[in-house]
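Structure first, then comments.
Going in written order, the chains are labelled A, B, C, D, E and F, and every chain counts its residues from 1.
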Amino acid sequence: MQKVVVFGEVMLRLATEEHERFSQAEKLNVTYGGGETNVAISLNNFNIHTGLVTRLPDNDMGRACTNYIKQFGIDTKDIVYGGKRLGLYYLETGAVHRGSKVVYDREDSSFATLQRGMIDWETVFEGVDLFHWSGLSAALSADTTSVLEEAITVAHHKGITISCDINLRENLWNYGKTPNDVMPSLVSMCDIVFGNEYDAEHAMGIEVDDSIRGKFTNDSFIQSSQLVMKTYPKIKKIITTRRGNINASNNTLRGLVFDGSGLIETPTYSITHIVDRVGGGDAFTAGILYGLLMWPEDCNRILNFGIAASCLKHTVKGDSNQVTIEEVEEVMNKMQK
Amino acid sequence: MQKVVVFGEVMLRLATEEHERFSQAEKLNVTYGGGETNVAISLNNFNIHTGLVTRLPDNDMGRACTNYIKQFGIDTKDIVYGGKRLGLYYLETGAVHRGSKVVYDREDSSFATLQRGMIDWETVFEGVDLFHWSGLSAALSADTTSVLEEAITVAHHKGITISCDINLRENLWNYGKTPNDVMPSLVSMCDIVFGNEYDAEHAMGIEVDDSIRGKFTNDSFIQSSQLVMKTYPKIKKIITTRRGNINASNNTLRGLVFDGSGLIETPTYSITHIVDRVGGGDAFTAGILYGLLMWPEDCNRILNFGIAASCLKHTVKGDSNQVTIEEVEEVMNKMQK
Amino acid sequence: MQKVVVFGEVMLRLATEEHERFSQAEKLNVTYGGGETNVAISLNNFNIHTGLVTRLPDNDMGRACTNYIKQFGIDTKDIVYGGKRLGLYYLETGAVHRGSKVVYDREDSSFATLQRGMIDWETVFEGVDLFHWSGLSAALSADTTSVLEEAITVAHHKGITISCDINLRENLWNYGKTPNDVMPSLVSMCDIVFGNEYDAEHAMGIEVDDSIRGKFTNDSFIQSSQLVMKTYPKIKKIITTRRGNINASNNTLRGLVFDGSGLIETPTYSITHIVDRVGGGDAFTAGILYGLLMWPEDCNRILNFGIAASCLKHTVKGDSNQVTIEEVEEVMNKMQK
Amino acid sequence: MQKVVVFGEVMLRLATEEHERFSQAEKLNVTYGGGETNVAISLNNFNIHTGLVTRLPDNDMGRACTNYIKQFGIDTKDIVYGGKRLGLYYLETGAVHRGSKVVYDREDSSFATLQRGMIDWETVFEGVDLFHWSGLSAALSADTTSVLEEAITVAHHKGITISCDINLRENLWNYGKTPNDVMPSLVSMCDIVFGNEYDAEHAMGIEVDDSIRGKFTNDSFIQSSQLVMKTYPKIKKIITTRRGNINASNNTLRGLVFDGSGLIETPTYSITHIVDRVGGGDAFTAGILYGLLMWPEDCNRILNFGIAASCLKHTVKGDSNQVTIEEVEEVMNKMQK
Amino acid sequence: MQKVVVFGEVMLRLATEEHERFSQAEKLNVTYGGGETNVAISLNNFNIHTGLVTRLPDNDMGRACTNYIKQFGIDTKDIVYGGKRLGLYYLETGAVHRGSKVVYDREDSSFATLQRGMIDWETVFEGVDLFHWSGLSAALSADTTSVLEEAITVAHHKGITISCDINLRENLWNYGKTPNDVMPSLVSMCDIVFGNEYDAEHAMGIEVDDSIRGKFTNDSFIQSSQLVMKTYPKIKKIITTRRGNINASNNTLRGLVFDGSGLIETPTYSITHIVDRVGGGDAFTAGILYGLLMWPEDCNRILNFGIAASCLKHTVKGDSNQVTIEEVEEVMNKMQK
Amino acid sequence: MQKVVVFGEVMLRLATEEHERFSQAEKLNVTYGGGETNVAISLNNFNIHTGLVTRLPDNDMGRACTNYIKQFGIDTKDIVYGGKRLGLYYLETGAVHRGSKVVYDREDSSFATLQRGMIDWETVFEGVDLFHWSGLSAALSADTTSVLEEAITVAHHKGITISCDINLRENLWNYGKTPNDVMPSLVSMCDIVFGNEYDAEHAMGIEVDDSIRGKFTNDSFIQSSQLVMKTYPKIKKIITTRRGNINASNNTLRGLVFDGSGLIETPTYSITHIVDRVGGGDAFTAGILYGLLMWPEDCNRILNFGIAASCLKHTVKGDSNQVTIEEVEEVMNKMQK
């Protein structure tokens, strides 16, 4: 049985109910999530044994968070406890012309103040097949970036497949570095990268030609991905989604993979009555990672599995995808008829 | 004032809230329903005095169920009490690509263990104009099938109009008989049948020509219905719906009646933001029965009333349709402009 | 800083949850609102200091109502207390083929029994730039109509801009007068009127030509508005919306202004997944009034701001619009691309 | 099987949740009740066929109310529909030092505007054994008092046992009459009266001796009851409770009956963690009436059944008592050990 | 680190909210529990690695149950899947004079139809220090009793400490055997028994002297325990609680241990405002087992820890105790001052 | 009309429902509060115009907080916006043996990072009669302490009455100072102090005699208060409560004032069924301040008003007391009978 480890922050998510605005909320729904955690939960739901490495405060809220993620089967043995507070974010779910809103409150969280040496990566990576991380951890602080280097280096030396979701959110980068300052050396050790033309330019230091900047066509993705692979020869696959934002209740979605030789793409899926869009990207990532572990040679199947998983996520409340392999395959099969 | 009796199982329905998955549910919404009960509630909402014959456990849950259905005016005087348990089902409401899910837990229920002789059908049918039953009762056990025979025979001898909803759910037939083993003799005493080409073949023993099998066109319905009427001369009308399943939140619906001479059909109604699809068929059945009692000669009006009633059901939470005659007619009238 | 005063009834709104029908409701959601109050709340959300003049019962429910509206910054110093009861209405939110339903219970409310002389209008209007009222207050009783006359006369003499939303709801006019009996003299002192061809004929005493009656085209609006302005020379702008009612969950909306010289109109906005339609018109009115105060010369901007504000309201639960200027402008800008 | 009819107003009860104050309530719990309705529901729960005569508005709220009470088996065939509105009351449940609060909004309700001749009392009373009414109906309006006279006179002539709960709430008497103006002639036709020394003086016109006024001892009850029986020779039993109000969460309760010859009393029951006190008196009344129908000769058993029923009501949310005969007897038996 | 295994049924618990009666419930709260599972959850909360051996249906409800218990850290690797249904029970929480009510619906559950050979006990018991079971499993069916024999025999041969909670509920014994038919041979292999004088007589075949039957004094417990130990020489400790049932909201509790030489008892703890009494006994059992593993020689500390843990359970909603070692010790310490 | 200003932090309060533990919470109830804010809300409920000076983040959560407190009439004109985050705390309401739990997450909040010069105290204090602050603000950071100095100095020079609640929570003092380092100079400018013997020793630098340390008798309070007044001659009254903690659901409370000449005390109030204890002390403070403004000479009335107000707070959910003057007086009067 294959084993995956992810590294990243888990936050308390406080969401208003039924499209209420923040100032209307008398109650907030409690779940716990974060980009990498969402991937870990999805993978466990696909029966891939996946552990989470993170840091939580040693208080009741930290323990409540651990209990929450244990229900999905996440291996929590490598979580370290300490620091001052649980990072959190407030979510207001939009509709139609009103987009969803997120207010982050994650500075100085236990995770953001994690230090090099706190995690015994040698032990963490024993028997592990795949390690997944994201650019979110590099955005938070110099400390978390340093811990990322530590982790990726160990994983690289152990020959573990490394997956990176660029996940570029510029408003989180507040500690004096830009993505292009720190991401390239981290990405250079990775095998699989989730990112598009914009990410290539802004987080992988690729000089994109003016003719394709801001285009987001199949061609622009191929061109930028070729440049990425030239710069980062270890990368085997570059993967991304294209989202059509008809309105906050109605989106379209399709997936693209460039594997060095050519482009593979899915049909466009329509998601007409969105229940909860948060984590849609993480559900895609998890679907792709599952596919890579199961059918490494079948890029088309991998990609369609990822997009179908992401579509299903939009119908599930909370950050993480609560679906089975069979449910994803049913959506894939219907779409491909 | 006309009087109707229906016979069938009432179950506890435990539904997750707001599209939650079963494993996310901290609360389950409680209602009580079942195909025939839903018909009875609808008819009472249309001011047709309708009684329910069923069996419930003699405990707090059985009594809670009786109270629940009494609020709609159902005559509960012929309910018998006994047996071990209240049948129940769990419901998870889907959205978009994720279909709704039902987990049944109804084996060995008080209804499924009902015995011949427990109900005094002669008394039940006094002054009754119409008796409605469904194939669900024949699916549960040899015992309930035997009670059905008892009931239908008495109703037939008393000259009561008998209506049957074939309602074929193969996963419920677990006691060693197939629908074609037991349904034909029951159906042969009926005047009105709700069913399509598939039901004709699998529950009424009709040999359908290969050229129409699996077609579900107007022609195939006419052909199969003609064969049914040849085999079952007492049947006056065969009625069905065609549902277009765009996705779990968006369906289309239209109705068909074959009355021996020709086909009547409604326009296609679009139901774009489904609130609760369960019981949509029962709402149709109730609408048709209401129409048959009110305007027996006006098949077009009957059929459109049934489809409009069913459309409205999709906007109402719970198993049963909570609408008035006026509300149904308003939808009919808008549609026919 | 500009200052606005509105006059009208605030009611308790008791709404069923999640599309439940009245008879299914075990709980009712509590908010407080009314056409003019909704305008006042919106304006405060746009940072326009707006006071409400109304009458509430001197009991716990009256005080709860005052607290509720204070949270939005409404100036409540001119509210008077007395009378027997808080007016209220019950709301059931529809979906698709089932329209929303309102049951009013507002007769003999503290507001409807307000008497001339109870409010010191001279003090109320000190330093005020704009006074907004609606035809709802004229519909309730001869007393409220008399108070309206008192208010409008004082405002007129003080040279305050007066805005009137005709808001014609014939089922509320039960005290023996028709709109055409009392509205014309009130409207004659107004500068801005929200109303369409139908309102012109039925509440402003305009004889509309048979060729345009019931038409609701751009031409019919221009013609009827020209007639209105001829009759009421003080009126500077006549404003209305056109709503396309695809179904109860899906509407379209556009706005029209006639300013004496020509017609200005917005594109058609589509609102595909309505959360709460109540107060959509009031949100439009508030948007327009905000625009008139900010950019009095830019009719196009005013009108698009109003329609965008109204679109957003359809995504917000409750009677009143809970959005900021920035959010409205974001919708406007997207639409105009 | 014995048959009871009660007459009185059913109101919508809007209660805050979990001890919230009115101004804190974002939701209000919906039930329907009223003194006499509560008695009717209790009696049906004790398997006594009981009908309610009342008047409700012919709108969705009136129908929701009828559905609500039908669930308990109340015979609703004699309800008449019309008038303007459903009476209602707001309830805030107190705790410890903070008493519960009720805000009534029942003026001009459909019931309060009921007219003589609207109800066919001859038909209503066919086959009826006991008629129960209360002083609440006499408090509302001259009209309802007149209807009461009509009803009591018919019941009296038919030889039906008549029970009256004085239920004196002075703040409801606003139509220009005092209880002593109208109650005596109504009470003179009754067989059973629920009332104490205060009621005797203020609603039955009895001149109570200064030595006992305001005493509420066993002696004072005997003395005042003797005077009542002298004045109203038809009365067979006078029944009351004594409540000790330790605080809003903790009460004591005991019962007294004077049957002309002597006093019977129960032990003092302690109710330490009150869930919902509203309707505690009605539950007592229903228990007594049940006892009178079942064991007319056993005053001790009747009285203890009434008090035990009332104790149980304090543990049940809503206006009405939701308990069975067996549950009441279990409490009685425990208490008497 | 010590390791514990428990064996028993996990059921879906459907509880009404806020003291509602079953017939009032519009929602039911969902948790999962059962006597032995509750013990396992408590032990995990005390940081004792505890696994559960049970059988669940292979459907969505079975998986939801597994997820639920995983959150507490229960080792679920030895759960087997199959059978028809998840056992369940309905709970209505009482107050004051109204006791809580349970309606079981657990017949033919996946657990009750578990067969000998389905569980590989040799593997289950590897490295295990303590095995805990209860009389509930012997009550359900001959099959589960046979599986118990299988388990206890293996544990006995491996020298694992065996703990048994007699947990005698006579209404569950419906398969033709009495407790005294099957329990003695099972109990004879146990080291620790939770049970009192009644259990000794009815489930351990002890002939209790008439002088102590029904007494429940310290003396009667000592005498009966001495007889038990004579009959079952392997038993080292007999443990029980004495509950004083002032009313459904207010209980007292104390604990007793007989260890062969003498009686140890705790002070009487008062629990004045019970939140949820279900599982109070299981919390005691878990506290005792924790104490036995930690301080095997300190019977007084063990017993007080057990009673303090049980007291805390009465303040926690759900079947299982959600408290830490520190919280239990704080209560112990306060009590012993 | 008298005017009060308070200064302090408002936090988001996230409370579990119905005694749930943190790890059980699927929803958290949202209110906003803080010691000084609670005082301000209470005073507004007593019709004293009270403003709050604080700092909130300039984001949706900051604005939601402002809206929340505006509903109670708090003057919010002097709130400043900026900084990173809204301070918050998690609350779990205990019962019986399980105490309530608070987890603070308020470090680096917008308030804690407030700087000298950000608030224009001269303007704030225009027309103000009383200024209230608490030791909580001195506990948070050197910055807030410095702002306190700034505020108190201005208020002192303006001759405003200054009230200080020592409110000593040692676990909040984490910036390197002890209360005795910074509180004395602040307290020296105050007129009214809320504090007991412990506070005198640990926050006012008083050397308490060993004979009274830890005593908390009337004598010890008198002795320590005399020492305080000797050291701080401006102080006119020292006020405190004595709480008896029977268990988490049941407390007793009484109040003490030392006014330089002698001790005044209230009877002991019993609070048997606590709904929400948080803010009980703030409700007392507000009651006292109200009394001081109304009846400055009647210490007995002031003190009983304060204790009665505090008792009522224990029955109200949320941080702040939602009661009227009349309700407080009713409790006072009952108690004094």
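One rule holds in what follows: a residue touches a chain if its C-beta (ideal position, glycine included) is under 8 Å from a C-beta of that chain, and two chains touch if they have at least 3 such contacts.
Chain by chain, the UniProt names read as follows: A, B, C, D, E, F = Sugar kinase.
These numbers come from a predicted model, not from an experiment.
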Subject >> Shortest path length from chain B to chain F (each step joins two touching chains) >> reply: 2
Subject >> Pair of chains joined by more contacts [C-beta pairs], B-E or C-F >> reply: B-E
Subject >> Separation of chain A from chain B, taking each centre as the mean of its C-alpha atoms, in whole Å >> reply: 46
Original post:
Just curious, how far off is chain E from chain A if you go by their C-alpha centres, in Å?
Top reply: 43
Subject >> For chain A, residues that touch 2 or more chains besides their own >> reply: 18, 23, 26, 67-68, 71, 273
Original post:
In graph terms, nodes being chains and edges touches, is this line, ring, star, complete or other?
Top reply: other
Original post:
Name the touching chain pairs, please: which are they?
Top reply: A-B, A-C, A-E, A-F, B-C, B-D, B-E, C-D, C-F, D-E, D-F, E-F
Subject >> Contact set on chain D toward chain C in their complex >> reply: 14, 22-23, 25-30, 59-61, 63-64, 67-68, 84-86, 90, 92, 101, 103, 105, 107-108
**OP:** Please name which positions on chain A make contact with chain E in the complex.
**Re:** 67-68, 70-73
Original post:
What does chain C use to touch chain A in their complex?
Top reply: 18, 71, 269, 271-275, 308, 311-312, 314-318, 322-323, 327, 331, 334
**OP:** Give every residue of chain A touching chain C within the complex, in rising order.
**Re:** 18-21, 23-24, 94-98, 247-250, 273
